[in-house]
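Have a look at this one.
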Amino acid sequence: MGKYILRRILYAIPIAFGVSVVCFSLVYIAPGDPLQTVMPPDATAETIAIVKHAYGFDKPLPMQFLIWLGRVVTGDFGMSIATRRPVIWEVSDALANTALLAMFAVPISFFIGYVMGAVAGSFAGRWIDRVVTGAAVVGVSLPNYWLGIVLVIFFAVQYMLLPATGMGPQGSAGFNLLQWSNAKFLVLPVITLSMIPVGILARTTRAAVAEVRNQDFVQTLRAKGLSEWAVTRHVLKNAMPQVMAVMGLQFGYLLGGSILVETVFTWPGSGFLLSKAIINRDVPVLQGTILTLSLVFVATNLIVDLLQSLIDPRIRRA
Amino acid sequence: MTDYSSVIPAKAGIQRGGAPTAALDPCFREGDDDTEQQVEPLYEEQALPATRVRGYWQSVFYRLGHDPVTLVFAAAVLLIVLAAVFAPLLAPFDPYKESIVGRLKPLGWRGHPLGTDELGRDMLSRLLFGGRVSLLMGVVPVLIASLVGGMLGVLGGFVGGRTNTAIMRTMDVFYAFPSVLLAVAIAGAMGGGMANGMLALTLVFIPPMCRVAETATTQVRALDFIEAARASGARTMTIIRYHVLGNVLGPVFIYASSLVSVSILLAAGLSFLGLGVRPPVADWGLMLSTLRQSIYVVPLVCALPGLAIFITSICCNLVSDGLRAAMDVRM
Amino acid sequence: MRPLLHDGLASDPRDRGGPLQPLLIARELRKHFPVKNSGGKSVKAVDGVSFTVRKGETLGIVGESGCGKSTLARLLLHLVVPDAGELVFDGDLVDTRQLPVNALRRQVQIVFQDSYSSLNPRMPIRDSVAFGPFVQGKKKQQARDIACEMLGKVGLDPDLFGPRYPHELSGGQKQRVNIARALATGPRMVILDEPVSALDKSVEAQVLNLLRALKRKFNLTYLFISHDLNVVRYLSDRVLVMYLGRAVEIGPIDAVFEQPLHPYTRALLASRPSMDPARRIEEAPITGDPPNPIDPPPGCRFHTRCPFAETPCEKTDPALGIWEGPQSHVVACHMHDLASGHSRFENV
């Protein structure tokens, strides 16, 4: 068991390395001189020369990568071209705001999706299954950016119940969760963000539950005299590993896919930061944000895998 | 017709020397002069298989033909595609023609059945033309990713060993990125535009296609008929071509069809962020983005491009579900 | 011009060594499968097996599950590459310029146990059977004609069964198809790896009789692997008994079955269920499970379960006796070896 944990952690290291290579090369696939991407347009020739040396653009590629990696590991992601602030501060501020959204979206969407899927799977073939499956298909096919706009139209424009954009009257600096005047800005983004995970989780859970229910051991349990509810508990426990794997992926989606939702609601999270960076061609911020989000995703998958192996003994042997 | 009478006796089951089962009792072992014993059963005595000869693909079409829900949505997809293809004929107005006076008009205003956008252009026409871009950006990446990812997956799955590990580990690195993030990163770094967007989406879809193909190939490779094919002396490429591809195509196709709806959503999302086509080209995602400011004026019109994305995506999704149900049956 | 498939007992034009040359000689075949993450341990599936197969005979190979029979079958076709040992086919050394593996595969074919997974579910039967000839150079239509002919010879109407798919056929019919497929390339030797183990008894009888008829008709040599002793006796001329990757006894079928020399063979034969209530036995003739092939016991591999085990058995591994001729009956057991020091040395 300990060996499995160790191996799984060791396996994550080359992945993280590969991720950093990809992030590093983003600068180079950008059109134009890579130097231009990290310098503001009005830099003087001296500044350019200094930066060129510091970044190592005059050195061969692998050297540049190592230099970059060295800086990244110490937390130096460079300077934002747009705001002239260190990228790491921008990213951590923004990430905190996204985390706020995720904090609500994750439990809500996971719970609703799981329950929907469990109910649908347990009553597979009946009307409730069809309803849930239909809702799940809708959830998965709906562009979440559009849903955001529709919700805004409905709740903000037509009925003026909730605010359309932003993160509260004082913005992210003064955000106070406990006051409704602030908290109401959370409602629509969280709902929008939750929709796709609910759909995917409902589908996955339903499939897993329906599949486990068909296995022979379920009949054995019934024959032993267990109540239907007790049988269902066993079924859900067996379906958990598959569902957990998807949950992990959905967490990553919430991190990465938040870009669209945050743009719609101008919620100052990491996704919005990313979208601003794209418009401004602010490559250091682009690199820093993507690197951070991806590494968080890798870490999440690692944790999910380890949790899965705790629950499902079959995985440990692999 | 070849004469089989030398092997098959005129009457079924003739055996001199007793009942067939007696021959298996160790006490009654026959001598080596078996020339009298002809136990070839006449082939009319074989249990006949089902009268209808139905291959795999024929049974797939049969199941699809009897699935009304999938057929309806397939027809819807076809309609959408045709509408996009024949957009120049169907569009009532020029999608690029602006009008200062007729901006942000509601449904039905002066012959514009779906209103006008923020520059006075006809919504219906722009939606029809936008369909071309959105559908292209949705389908092309999936096609290319299926080809490239599929080839890599089959290769890795069949060859196995270090090559396979190398391929799959590389794919794992790309898997470590959430797909939206990766698409945005690549498209964003490359500066946007339709081609870059399609490239980004293709790169995002190659790892999952590769994985599906590799899993299917590994499963097929473990079956005995592959070994039998090797035992006949076939070379690797021949075995892949005749035995592996036919069995792998199914899962790959099912997965690819389920990717189409995701691709349409992602492509429109990229355009929404400004990473797709550039204005004034009509594209559903881009339209949604530019109309966002105007939701206080004509909310209904502004929601239309998103509705188009939603409808297309859900129809593709349901068709792919139907395909999976028709194709995923173990024979 | 070699005829497509030939009838009767005419001598095979491919014959190189003459009637006295054994068709197949296996010498010290060895195959160990490394176990992952175990620090160098391996499953010793086949550990030094030697035997010969004469032209026109059927050699039966018996043993428990896990004794290495199937691995041996695959070694003979180089589907699995041996770690050590050599194969000589009709006088030519296999996997050398004399006889490359591809050329060997034109002359030896195999029928597997699982009739279902042996056939490509997406290919019609006729094409599955035609694949072999096609790969070996025939044109598609020619290969198809051969396939139809072979289907007829195994008792399946080619027009009725040719275009069908495997899932439409019963187990026995599928196995006939596998036999047709093996014979389509015109081999001289067919390895049958438990071909009837998965079939119902009545179907088993039909398939066995078919195999006998085909052997006569096409002048074949068989290597018949099975765990079912009655079936082996029905079909074989000589038999090889395997235990834990080794050959422990080889001899003519009647000799081995009536006077088994190795204690393992005796136990195997004694464990066959009998239809005769008078022959009922109270205790199992053999107890315990076969030892782990990763860590075989030292000395004679069977000594942990052998009722006659003594000190020499724990120390040295007995070798098969000296081979004298086609009818010799040899055994790897200290009881039959004068020099071993075993107290129960018996004269054979």
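When the chains are written out, they are named A, B and C in that same order, and each has its own residue count from 1.
Please note the rule applied: contacts are C-beta pairs under 8 Å (C-beta built on N, C-alpha and C of every residue); 3 or more make two chains touch, one makes a residue touch a chain.
Everything numeric in this text was worked out from a predicted model, so none of it was measured.
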{"item": "Reference chain A; chain at largest CA-centroid distance", "value": "C"}
{"item": "Most central chain, Cα average position", "value": "B"}
{"item": "Interchain centroid distance [CA atoms averaged], chain B/chain C, Å", "value": "44"}
{"item": "Cα-centroid distance, chain A relative to chain B, in whole angstrom", "value": "26"}
{"item": "Chain A-chain C separation of Cα centroids, rounded to whole Å", "value": "57"}
{"item": "Footprint of chain C on chain B - complex, ascending", "value": "2, 4, 6-8, 20-21, 23-26, 29, 34-35, 37-44, 46-50, 53-56, 223-225, 227-234, 238, 242-243, 246-247, 331"}
{"item": "Sites on chain A touched by chain B in the complex", "value": "14-16, 18-19, 21-23, 26-27, 29-31, 137-138, 140-143, 145-146, 149-150, 152-153, 157-158, 252-253, 255-257, 259-260, 263-264, 274-275, 277-279, 281, 283, 286, 290, 293-294, 297-298, 301"}
{"item": "In the complex, chain C residues that touch chain B", "value": "7, 74, 77, 79, 102, 105-106, 109-110, 112, 114, 117-124, 128, 131-132, 135-136, 148-149, 152-153, 155-157, 160-161, 163-165, 167-170, 173, 178, 181, 185, 202, 205-206, 208-210, 212-213, 216-217, 230-231, 233-234, 254, 257, 275"}
{"item": "Residue numbers on chain B that touch chain A, as the complex places them", "value": "169-170, 172-174, 176-182, 184-186, 188-192, 261, 265, 268-269, 272-275, 288, 292, 295-296, 299, 302-303, 305-307, 309-310, 313-314, 316-318, 321"}
